[in-house]
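Please find the structures below.
There are two complexes below, and they share chain A, which is joined by chain B in the first and by chain C in the second.
This part shows the complex of A and B:
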């Protein structure tokens, strides 16, 4: 058995993944974690809990329809993480630069991603027209502290009583969204106020159907059906699950990891 | 590959300079953050100027997570200046590169 260093025992990355009929989230998460491990030099853990009795749906940009989505296990991150300091990523979040390593040098209990910039859409920043700003649960970090424990317990409570909290916060969407549950818990825990604590920087979201991503001369070239984007090597949130199951993505993973 | 295929490929890889520029700027704004002495600071010209003109060698600065961090003026200044220069140089270099491939 590989002997781990002290820091490796207490700091790591986890991802949750549960397959549905059309998407192999587990394979996608394995590849994303492989990239993350290489980039940040941290151990990784994949958590798959297929026995959760909840059903949810999300809009799939590849098939242009609502598909089954098993995303109810995020509130268990505190209990299930084997690390003292954990970065949690969605299966579709690619860690391509090492900026996240800097957060470990600072003082916080948990950090959420508040800013997002998408390539083709301007997303609303609030949970509803008369609501409060939400966060992106695509990537977040926590330490095993009392405040973090309270935070995750509160998310679990919000999840169980989502219909109540949805009305309380004037949420427009009917479906449960981790992004909203995290935002509500954060707002409540901070005395019904919004604190600026955040994973610093802006999350870049590739929110359209894409055909390829390649790395060339320290740049990422992302091609969709109509144009290409030339980006610096930065962390990416890829919404096209079809791309994440394509041969091109596997080639990208092999090249990076 | 026929001429039409080549032409189609050329059109397909046409890129939007304004989006590339915007994303590059976001990445640089992120990279300008520097961890120092248990705090995280976004290194800006204002911060550099403030620290440089501070008359005492030790001071407390508020980091991005609203914590007061004890700073040794000289150590912070040298590290922060190096970090700022490195990131800004990279921004300039990468900006020039995306300008060359400007299509729209």
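This part shows the complex of A and C:
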């Protein structure tokens, strides 16, 4: 008879995806989860809630216009995740190294990504000129604990009352942004203070239109229209949704997964 | 004990100007200290004009009211006299526009490691060390220690005697002293510069505590917080006060807060601290 560990907890990765008129986020998320499952060796779940009534927009770097964006379901991660310990990723986040497995060795209720480095742009680090630093909800992790439950309930409350909170926090952008709602909830929940605990390292964001990503000799080669970037094999946040629906991306997925 | 009346206590100087009622700021500070600290004796040093403004409410909050004659050494010329005027054997001297939102009783243990402790560096309102050097060019150009007199400790001792005697002399001879400082065109000596020079004279190691990097305060002067110079945080930020917690732009202020902007105190603060301190 197989001896089971008494306190073993379920652990997995989830992604949220809702299609819009120009982007098949569900297909993108399926591919990202396929890569994540292979890299981390964890089960994955895709959540798609197409009946959410909220609508938002984001700037699409491929079409250079604002497009529809359904991103209001992240606060439901706590209730919808089938796992005790969950990593949540955006559909456009590629888990290419296994460092995220190591976060489970540490004590936390939820863990956020605080640092970001984009290949072609310097993003502001605050929610507005007179505001506070924000976090990146592109990738985060949580355990099903009382504090995590409070965290997600608070995000939900901020989301519902966003017009109030964006004024309270001096946010410059008008649109709802998960990154900001997460940062506000985190500050409030930590006794109105900024804590440094973060997913280890800096998230790399490929923020320009790209043509290809390939893996060679343990390096990633990312090509845009004018340059090639050579990076160690590391997790990537890909802003070009057109690339994530391209043949080259499907080849990368097949090669990796 | 000599002229000293008590072992430990806080002291501030409140000399009203045409634009600022420092006495009222000192009154808030006294109430705040009585509400948040275990060691809470409070002394205020005032000039003769400010002394006339002292009312019955003030007398309930100030344990000691000391009148001092001003001198010709500029607006801060009386500063070194605190050593000879304090009623305490061990004194924490604060600028009058500083609040202590939480207890710093445990800091006294650290202070007692030296005869004098000057706070070093400062924090921004996010409670992080500030790296701005905008207001410290004179210090950097002259290799002076980054000390602030806004919050300092001194004990009746030979080291402190030498320190404050040196400070008095520098105030007195400022016109000669400033000729030896690079890039200094200040008409009057500022206490921070004078005390930094004194720290150099008696030795930084005798009057700073590098190992206790918490001994400083949040400074709301604009550049320290990466604000432009005209930025008025009381106008732009939501500032909250509830049950003694001061919150600026959604960040709770746990560290001593040098609010600097004299519009910051509210009646609500006076009422709250009065009530907690049991002073009616």
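By definition in this document, the second predicted complex is superposed on the first by the 248 of 257 C-alpha atoms of A that agree within 3 Å, B and C clash if a C-alpha of one lies under 4 Å from a C-alpha of the other, contacts with A are read in each partner's own complex, and residues count from 1 in each chain.
Note that a contact is a pair of C-beta atoms (placed from the backbone, for glycine too) under 8 Å apart; a residue touches a chain by one contact, two chains touch by 3 or more.
The model shown is predicted, which means the values in this text are computed figures rather than measured ones.
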item	value
When chain B and chain C are modelled together on chain A, clash or fit	fit
First, second, both or neither for A:145, with chain B first and chain C second	neither
Chain B versus chain C as contact partner of A:119, first or second or both or neither	first
Touching partner for A:130 - first (chain B), second (chain C), both, neither	second
Chain B versus chain C as contact partner of A:20, first or second or both or neither	neither
Touching partner for A:105 - first (chain B), second (chain C), both, neither	first
Chain B or chain C, by number of chain A residues touched	B
Which superposed partner A:169 touches (first chain B, second chain C, both, neither)	second
Vertex chain A, arms to chain B and chain C (CA centres, degrees, nearest 10)	70
Chain B versus chain C as contact partner of A:212, first or second or both or neither	neither
Minimum C-alpha separation between chain B and chain C after superposing on chain A, in Å	16
Chain A contact footprint on chain C (complex, rising order)	126-128, 227, 236-238, 247, 249-252, 254
Of all residues in chain A, those that touch chain C in their complex	130-132, 168-170, 184, 187-188, 191-194
Chain B to chain A touching residues, read off their complex	12-16, 19-20, 22-24, 26-31, 33-36, 38-40, 42, 63-67, 94, 97-98, 101, 104
Interfacial residue positions of chain A with respect to chain B in the complex	97, 99, 102-103, 105-108, 117, 119, 195-197, 200-202, 204, 217, 219, 223, 225-232, 234
